[in-house]
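Input: structures, listed below.
Both complexes shown next keep subunit A, but they swap its partner, so subunit B is in the first and subunit C is in the second.
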Partner chain A sequence: MAPSPILARASARSDANTNPALAAPVAEIRDLQVGFRTDEGGFNVLDGVSFTVRTGRTLCLVGESGCGKSVTALSIMGLLAPNAIVGHGEILLDGTNLLDLSRKELNERRGDRMAMIFQEPMTSLNPVLTIGDQIVEGIRRHRPVGRAEAERHAVEMLKRVRIPAPEQRMGDYPHQLSGGMRQRVMIAMALANDPRLLIADEPTTALDVTIQAQILDLIKTLQDETGTAVLLITHDLGVVAEVGDDVAVMYAGRIVEQASVTDLFADPQHPYTLGLLSSIPRLDSEIGRLPTIRGSVPAPADMPSGCRFSTRCPFADDHCRTEEPPLADLSPGHAVACWKAPLEVRAA
Partner chain B sequence: MLAYMARRLAVSIPTLLLISMMVFSLQLLLPGDPALAIAGEERSPEVLAAIREMYHLNDPVPVQYWHWLTGVLSGDMGQSIRSRMPVTELIMTKLPVTLQLATMAMIIALAIGIPAGIVSAVRKGTAWDVGANVVALSGISIPNFWLGIMLIMLVSVQWGLLPASGYASPLEDLSRNLQTMIMPAFVLGTGIAAIMMRHTRSAMLSSLRADYVRTARAKGLSERVVVLRHALRNALIPVVTLGTLQLGELLSGAVLTEQIFTIPGFGKLVVDAVFNRDYAVVQGVVLFTGTAFILMNLLADMLYFLLNPRLRA
Partner chain C sequence: MTMPPENILEINGLTKHFATGKSLLPGIGRSVKAVDGVSFTVRKGETLAIVGESGCGKSTLARLILRLIDPTGGTVRFHGQDIASVRERDMRPLRARMQMIFQDPFASLNPRMTVGEILTEPMRVHKLGSRREQRERMAELLELVGLSARHADRYPHEFSGGQRQRIGIARALAAGPELVIGDEPVSALDVSVQAQVINLLEDLKQRLGLTLVIISHDLAVVRHMSDRVGVMYLGKMVELADTNALFTAPRHPYTQALMSAVPLPDPMARANRQLLEGDVPSPLNPPSGCRFHTRCPHVRDRCRTEEPVMGPNAEDHGVACHFWREIEAPPRPDAAARPISAVYARRRALYMERRALQEEAPAL
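This part shows the complex of A and B:
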């Protein structure tokens, strides 16, 4: 059977990369639990999330809307809403646990060693400051350079994100730029201080399809140039195949499957991953006739006991409903949280 | 920008005309025969007839309005029947007083209202926030005249710190002038400060929640820079507009406050004129302050425009 175009792209990408075991970890999230306090009471949104983002590689965090992807990203950046509570866990950036840092120490790292691009380019830039000012302030916050030098560097960054006539754009206000251009500005701003870790939270979701591909390409190219570790959040497995090296599938605040992109597409193991893949039409023939996932994500305040996917899983049994499956290695570098793994449905 | 200003100005002309009609109809609606008032002691039918002729009182109302309006436009607002002084001149002598009072009140309002609004937004839900809101609510609900009287009783009568009256022009005696103006300015200013605080607070709360503030934090900027540069710059746009409108209101004269502290500004001028049935003065002051109010509205619009890069383009 001929490999699907998406798969072909995925393996081509991964082959071009170094051995994941050799790439140094930049960010390590360990057993992270994050909850929120609300008027209706408290609930956990992330429950024991662990993954590692390595230098020069892109880890895609994928899952349905509301599963906790943005909360994960914001936890790393220390940007969680005031009602958030970090229960336990560690967020290591180059070995330092960010959760132990003072506000000031965290601020020294934000925008410098780690940076973030958000989903909404239309509202993420300050409407009353020029884009030049907004890039320059980020540079000068972390580097002992004068205004003129920072401006030169900002223009250089705009050039690198392929913004035409960058000198002129410096004096523009955000509303004078299109969504795609604004996202390029956000990327320029995020990469201005050459961060070790770049977090991109659904950076293309709000953009036109043609622009989406350009932005993803740009992130990829810049990563190849700088060796930045990228945590790319998406709900779109097409994007994962396009730019990912590694992938972590998140369901209801837990990582349910983790693998290299090649392995995940070639040998998906978790029933939820299979369901996600079935929504990519071309892959249907590869993994047999799996129904698209029925039902909806349980609310964080109302989690089922046992496996969180058991309310929607076609293979759920009593064991699943009483005991939570741990995320366990199935083969080196491929971990799954499912009692039934390795799945044998594909033969059936 | 120019086109916008021109359009905005054109729109205010009908408003101004409407005000002028209302001001003019004052003399038709108020009880009492203006001819009698003008005549004073001399009430022979001949004199009254002559007065009616002279002031066009026999003409149809639209013609009277036309005479009056053309006069006003050429700077002639008639004459005070009391002091026999031209109304324009009366207004010009009172204008600096009201202007000074309004400016001082505005400075007090800004100096209290904006920082208090920022603090209560940043410290939302804390004792700071609750305290500022309680003070602001009292500021809004306590009537100016009551606060004025209390201040006089306490500061002037009880403690003897400041004079309760006895206005002096700043050119003659600056210290005396400031001593007499500070209390009324405080009374007017705190009332506005309360409004400004509430608006600053809500504008700050919404801009602190905005995505661009999160971006600013993601850059590692200090909280001070995030609040003052990123959030406040945006929040100030509606607040500045509001401040300009409030200034317009202050310019229309603070009738009660000026009366209580016997400050000889517009407020006092208009009250005296009403009691004396000095129509021309009432009309002149109302027309002048109404126009000032509209101009301030215009200025507020323009400031909103200028401060907002999205509209400026």
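This part shows the complex of A and C:
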């Protein structure tokens, strides 16, 4: 499908998926620390998070509730709550540090060069505006085009996200659409200005599995067409295996392992990654009693010193409990934050 | 010699229509056919799972079985007794024998009651034992679900999601039920905690000789936990079979599509999925004939007009599809399954070995 003429930046299909070295960095997060001030004092929910999202590639941030994956997304979009404090770090979008920008400059980029889709489309769409009006608003906010042209582009976007009879749907209100259709509308809005970076925060978690398959397939197809860099946030390792190119595993505000998706599943290094992978029931085989991870994630206010996983880790020793392991490359492109990695050498 | 399995529940033609909107003429208002003529049995001591997507009627079915809502038609027999015809007053002793675990451990525990009060309430309601016996049983229940008696004076908000679900399970067990119905009992939990709760439910089932009915949308959890599985679509049961048969040789096109849609945690298993088109139709106005015909890749004329019945042997491996014998089955998840890599297998073994030692050591 030909991109409509008002897409200023030509969207050539990138070679990124076939050759990662060719993929240019779009977003670089460097040593990001974010804390929250509360009545009980302050604590860091992100503690030195670094990763890079590249053109045409999908980086998955995976972790359980409270690990900081959504806070990471909101930090990039500049949508953190007022009581959040960015301690240090950089968020580079095409080389510009977003943390240095004024509110106005950030607003120019949001919905234009970077866009986000959320878990629950019903709460992110305006219930009293038609979906046509909402997409048109997003286009005209960032493009000097008239209403008629913006409407043509909006219809084009609805077509691209495979919404049947898009001209008629333009006049629908969000409540008239199913959950899957609403998420398609969100994707159409997010991609309307051809962003360099798309952040998808649990985009299919609220959807049924047959609809999830449709939406994941749609995101992948559109990424192939536009070369958008995608940061996909999920708790589901199945989704990671299905759509990810690269993956970062987060635990308690830190990245504990980072690798290509192929490497992470074939060569998982961090004990937390191992525990997570082993504890999912499998659709494709019988595995007997499920391995588990001991206990639960410590509350942000009582994070252990040293490695944050040490309170639950079956390999932890005194060193782990006192000194924080750095995220270091074990092999090119595969980094692990564990004193005991590789386990068969250092913990056997 | 094995005895034929004893049925704890026999469900026959169970139907629930909810009236929606208003009509000027009584009896002509529209209704949602949430559950529409569902029949199956639950055998004593088994785990039966009911699986399906939102709106298929699986939660309504759970509520009908416990008679938390009254059916529009059909029967639910518990040990042979039709509970729909039991007077409300006589339902109470039956309810002690059939209990429910809910999805959301945040919403299903009264925030103003201590854990001790939450757990003794079912015993008070059902007049089981003296106060002292109730306190003792409450402490036992806490130990049973992996908590401790010292938690009795705390309130639900002081616990994590996984611990709260353990409290919900303990409450369901308080009155000593034979049958426990879990409505998405692990769906709200994180993966690592989910595995703990799945193991706990399996242990308790063994120890207490329970019969479990698990309502779930998660096919992997269902495969792991259940002996038999029923698949629902738009208020109808479309397939019912032993878990192994269902997952290795699904017969209904909807079951096949559902399995094909689940992303597997293995990047090498990425396949060209058989994607279902469109959304589930509204249960207000379900399609004629086979309800799945609007999305079925194998649809033929007969499917649009004639509703298929469960066959060939509803007790063994039943399927409600006119053409199941002729449909070419797509590659099954099992066929695509590959062994995990040698290095992952070695590390996982190491992890489980250390994990077992950790379990023996006292908790920090």
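As a convention for this text, the second predicted complex is superposed on the first by the 317 of 348 C-alpha atoms of A that agree within 3 Å, B and C clash if a C-alpha of one lies under 4 Å from a C-alpha of the other, contacts with A are read in each partner's own complex, and residues count from 1 in each chain.
By our rule, a contact is a pair of C-beta atoms (placed from the backbone, for glycine too) under 8 Å apart; a residue touches a chain by one contact, two chains touch by 3 or more.
All of these numbers come straight from a predicted model, not from anything done at the bench.
Visitor: For A:213, select first, second, both or neither according to whether it touches subunit B, subunit C, the two together, or no partner.
Guide: In the superposition, A:213 touches subunit C alone.
Visitor: Going by the contact rule set out at the top, does A:65 touch subunit B (first), subunit C (second), both, or neither?
Guide: Only subunit C; A:65 stays clear of subunit B.
Visitor: Does subunit B (first) or subunit C (second) touch A:261, or do both, or does neither?
Guide: Second partner only, subunit C.
Visitor: Determine, under the contact definition given at the top, whether A:275 touches first (subunit B), second (subunit C), both, or neither.
Guide: Touch status of A:275: second partner only.
Visitor: Where does A:137 make contact in the superposed view: on subunit B (first), on subunit C (second), on both, or on neither?
Guide: first
Visitor: Please tell me which partner, subunit B or subunit C, touches more residues of subunit A.
Guide: C
Visitor: Applying the document's definition of touch, where does A:93 land relative to subunit B and subunit C: first, second, both, or neither?
Guide: neither
Visitor: Spell out the part of subunit A that touches subunit C in their complex, as residue ranges.
Guide: My answer: residues 64-65, 178, 180-181, 208-214, 216-217, 235-244, 261-262, 265-269, 271, 274-287, 289-297, 311, 314-315, 342-344, 347-348.
Visitor: Looking at the complex, which residues from subunit B come into contact with subunit A?
Guide: Listed in rising order, the residues of subunit B that touch subunit A are 210-212, 214-223, 225, 229-230, 233-234, 237, 307-310, 313.
Visitor: What residues on subunit C touch subunit A, complex-wise?
Guide: 53-54, 160-163, 190-196, 198-199, 202, 217-221, 223-225, 244, 247, 257-270, 273, 275-276, 279-280, 333-334, 336-337, 341, 343-344, 346-348, 350-352, 354-355, 357-359, 363-364
Visitor: Please name which positions on subunit A make contact with subunit B in the complex.
Guide: Its residues touching subunit B are 77, 79, 103, 106-112, 115-116, 118, 120, 123-129, 137-138, 141-142, 173, 175-176, 186, 189-190.
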